[in-house]
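Some structures to go through are shown next.
Heads up, the next two complexes both have chain A, just with different partners, chain B and then chain C.
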Partner chain A sequence: MTDSGNFHIPNDRYYDPVNHLWARVDSATGRIVVGLDALGLSALGDLVYVTLQPVGTPVRRGEPVGTLEAAKMTGDLIAPVSGILIGRNELVLRDPSLVNRDPYEGGWIASIDPTSWPKESAELIAGDAIPGWVKAEVERYQAQGWI
Partner chain B sequence: MARVVVPLDQQSEQFQISPDYVRISMAAAIELRLKPGRLLRDCGCGCINLLQNYPEGCYANCSYCGLARERPGVPEDNTFIRVAWPLYPTDLVAEKIAQREATAGVGRVCIAQVQDPRAYEDLIDMTGRIRRASETAPISALVSATTLDQERLHAIKDAGVDIIGVGLDAASQHVFYQTRGRGARGPHQWDHHWEIIRQARQIYGPMKVNCHIIVGLGETDGELVDLFFQLKSEQIAGYLFSFNPEPGTTMQDAPRASIQRLRRIQLIKYLIENSNLSLENLEFDEQGAISRLDAPEIMVDVAVESGLPFMTNGCPDRQGKLACNRPYGSYRPGEEFRDYPFQPARDDLIVICREMRLDEVWSKLTPMAN
Partner chain C sequence: MADPFIDGTPPSSFRIDPKCFEIRRAHFPDQIVFHAPGLKRYKTSEYSGQNSAEFVSISLTGASCALSCEHCKMAVLKGMTALPQFDGSLFELCAALADRGARGVLVSGGSDKRGRVPLLNHIHDLIRVRRELGMKIRVHPGLPDAETCRALGDIDIDGAMMDVIGHQDTIREVYHLDASPEEYQAALALLERYQVPTVPHIILGLHFGRMLGEWGALEMIAAHPPKLLVLVVLMPLTGTPMALARPPRMDQIADFFQLTRKELPATPVMLGCARPLGDLKVAIDRLAIDVGFNGIAYPAEGIVEYARMQSLEPHFVNACCGVTW
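Let's turn to the complex of A and B:
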């Protein structure tokens, strides 16, 4: 776990450095479970609506797979990896605040059957690179006045 | 017997009541860093909007309001203008306001009353707490006229309030009766509201009193226009809101005003207030909707190009600039803007003009030749 200020970033997964999404390989299925990290959530605020494409939809890394709406902010949910949308967290769709309460476990948002994981995972932040990236991002968010 | 202290976050909100506790708008909570988050387009929130909290919610019964007495559910589960207003100790909020005032400055603070027997005394108390924490932050009071009289208006001013807002909400007496008065099993009376508005105008001064007016409660355009002229003649500000149905309220299924209608109303209000548009320049159809606007091209173009008619109406800061911009207060951030919490940009103006379809009613006057 990397802690920077009030932000807890687990080291056991990958991070999209632009959109602050995490991606974790489900070792049993090989699917990629996706959620929002603590910094991304801090910038969004309390989520009130989440929408997702239907299961079975092909998704491409960097393109929208759904929308996120907080009390005073909205934006697209950008796929961190390419593949087929294979799972949607229906609990989150019914109660988006679950993402704020438990972002790394119960608040996962979607799962994707990846088609280019070896290549695309290299574009994500992982392992030893996480602490430095988190530190830089916290400083950037502070400089912007977002946190 | 040992005294058991329940942590704040485990106490029911029914026991966290004013004056010791206060609700704060989500945008203001984000601005003061009481809540995480950002505001779409990083527009900032210029006014710290506060709302009294009581276990019963509000004793009034306005048919469009999320705090209405007869709305189902417990008050703490309900929303006010559709978004949850988080609850904090008043002294903590006052401290945050003081910190903000000492650094970036606070545009304005507004304390809103609900209809409750304690509301007046608590408004004085809460105003005092904020004033003691920050001697300089301008404070408005959004009052429930039904709880007030002239003496109380003076006392509110003495406590440190410089602007009074009155939630008139309805543009005409019959709409008021149906949505807020006896027709809605509510306590409010049109005549008493106007009595308080005019007394406040005498006590606080020109443009230091404002009426909130909601577009979409069943009024006609003609009634809105009449009200705009009335307010202008008495140097009372009118602040437009767009009706947004609250789930669980009597009007939950009522439609919102169309965006085309809202845009035209916003523009005409601006022209009346700033460009001396007169009633003779307007015509209405049998339903009371605007059917003709006679106005010079330059008058309309300058107003539209400025974007100002379409911005949120609200109390000013110390420099006279809009403070109370209520970001995404009348609509979700994912929806079309109803009012803009910032000056609309070029791309926004293109959208606004498309929404307004002004050419359908606008007859461009040409200057008379000598």
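Let's turn to the complex of A and C:
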């Protein structure tokens, strides 16, 4: 677990280095569970609106899988991995603030049946690379005035 | 999702007077401007051209404010570039921002106990920012005193964005300010006297969600014709005493929007940055177009197309309401 500037970043999962979505492999199903990390959420503020493509939609890493609206941002929700959208957290769709309250467990957003996980997981941040990435990202976000 | 139409008032339960759009057609071209200043990152399927470096919000006081108003509690200041954290003057900060592509700034900040944002300490810098850097300058003056109004007249600012409050109880209970509506009216008169373009804002539902001083504020503003008027709607913010406040009902918002269009037929009226998000935002944004407003900040998904359907040609500006380059 990494705490940089009070941002809790668990080290049991992967992170999209730009969009601050986490991706965790569900060992039982092989699916990728996706959510937003604490630093990304800090820059967004309170989430108030989340939309997702329908279950069964093919998604590509780096392309929109839905939209989100928050106090400090309106924009796309970018898929961290390619595959088929296989699950949507209906609780989050009804109450997006759940993501702010519990970003790493109950506030997961979507699950994806991956098609290129071995290749794409190498493009994500994980393990020992997390602390350095978080430090650099905190500095980048501060320079942008986002946090 | 919970029903966004508070108290069960769906958007279809109020009537829109077609005269409002006729007023718009009589006084303005068939264009609408959508604004996306750098205060918030913004991208929809209809607009992806925001450049948050183009127009930057600066807080002269960082996250500090002596008033700590009930609806804000300094939350808005936290998203701004903090001058106290910059090693240099306001001019030097603006020069650094200009080097990164900024063409304009909103100079804001927390207020002192008398409701004034401390602009007076930076007048010389602001004059240089305007003359030497050529930047468009908007300011949040708070409730400016005579000296500040006079000094603002020396800068050639693009506009003074002043929240106008029309009821004593709201000034005291929400802003914690020992002032009266008459002092807001006097400030508007002073700004007019010193030929400072004004961009007054009215916050619908500022009194803990209740409509209270909005009509008084509109009356005061109409007496001192502004450059443009911006209406916003209470946006309950987490971590503030108003987090659970309910914004005004859609029919109340619709009534006030229509009254505004009729009272200020030749004044551009904009829907500003703050309003409830989600489905309610979509309804408010459509309403703003239906009643003939001239622009919208951070329009909801689908609103650009909705404007086109009303034969309005959309334009986009990455700056505060009414700023043009």
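FYI, the second predicted complex is superposed on the first by the 146 of 147 C-alpha atoms of A that agree within 3 Å, B and C clash if a C-alpha of one lies under 4 Å from a C-alpha of the other, contacts with A are read in each partner's own complex, and residues count from 1 in each chain.
One rule holds in what follows: contacts are C-beta pairs under 8 Å (C-beta built on N, C-alpha and C of every residue); 3 or more make two chains touch, one makes a residue touch a chain.
Keep in mind it's a predicted model, so treat the numbers as computed, not measured.
Participant: Should chain B and chain C be called a clash or a fit once both complexes are overlaid on chain A?
Facilitator: When both complexes are placed onto chain A, chain B and chain C end up clashing with one another.
Participant: Between chain B (first) and chain C (second), which does A:Asp76 come into contact with in this model arrangement: first, second, both, or neither?
Facilitator: second
Participant: Is A:Trp146 touching anything from chain B or chain C once the two structures are fitted on A? First, second, both or neither.
Facilitator: A:Trp146 contacts both chain B and chain C.
Participant: Applying the touch criterion given at the start, work out whether A:Val25 contacts chain B, chain C, both or neither, answering first, second, both or neither.
Facilitator: Neither: A:Val25 stays clear of chain B and chain C.
Participant: What is the contact status of A:Arg94 with respect to chain B (first) and chain C (second): first, second, both, or neither?
Facilitator: Touch partner of A:Arg94: chain C, not chain B.
Participant: Contacts for A:Thr67 in the overlay, against chain B (first) and chain C (second): which applies, first, second, both or neither?
Facilitator: A:Thr67 sits against chain B and chain C alike.
Participant: If you stack the two complexes on chain A, which partner ends up touching A:Ser42: first (chain B), second (chain C), both, or neither?
Facilitator: Only chain B is touched by A:Ser42; chain C is not.
Participant: Going by the clash criterion at the top, which of the stretches 4-12, 184-192 or 346-354 from chain B hits chain C after superposition?
Facilitator: Clashing stretch: 346-354.
Participant: Please identify the positions on chain A that touch both chain B and chain C, taking each partner from its own complex.
Facilitator: 43, 46, 48-49, 67, 69-74, 146
Participant: In the complex, go through chain A and note every residue touching chain B.
Facilitator: 41-46, 48-49, 67, 69-74, 146-147
Participant: Considering the complex alone, what residue numbers of chain A touch chain C?
Facilitator: 43, 46, 48-49, 67, 69-76, 93-95, 97, 100, 144-146
Participant: What residues on chain B touch chain A, complex-wise?
Facilitator: 26-27, 30, 35-40, 83-84, 327-328, 332-334
Participant: Would you pull the chain C residues touching chain A in the complex into a rising list?
Facilitator: Contacts found on chain C: 1, 38, 40-44, 52, 56, 79-81, 235, 237-238, 277-279, 281, 298, 301.
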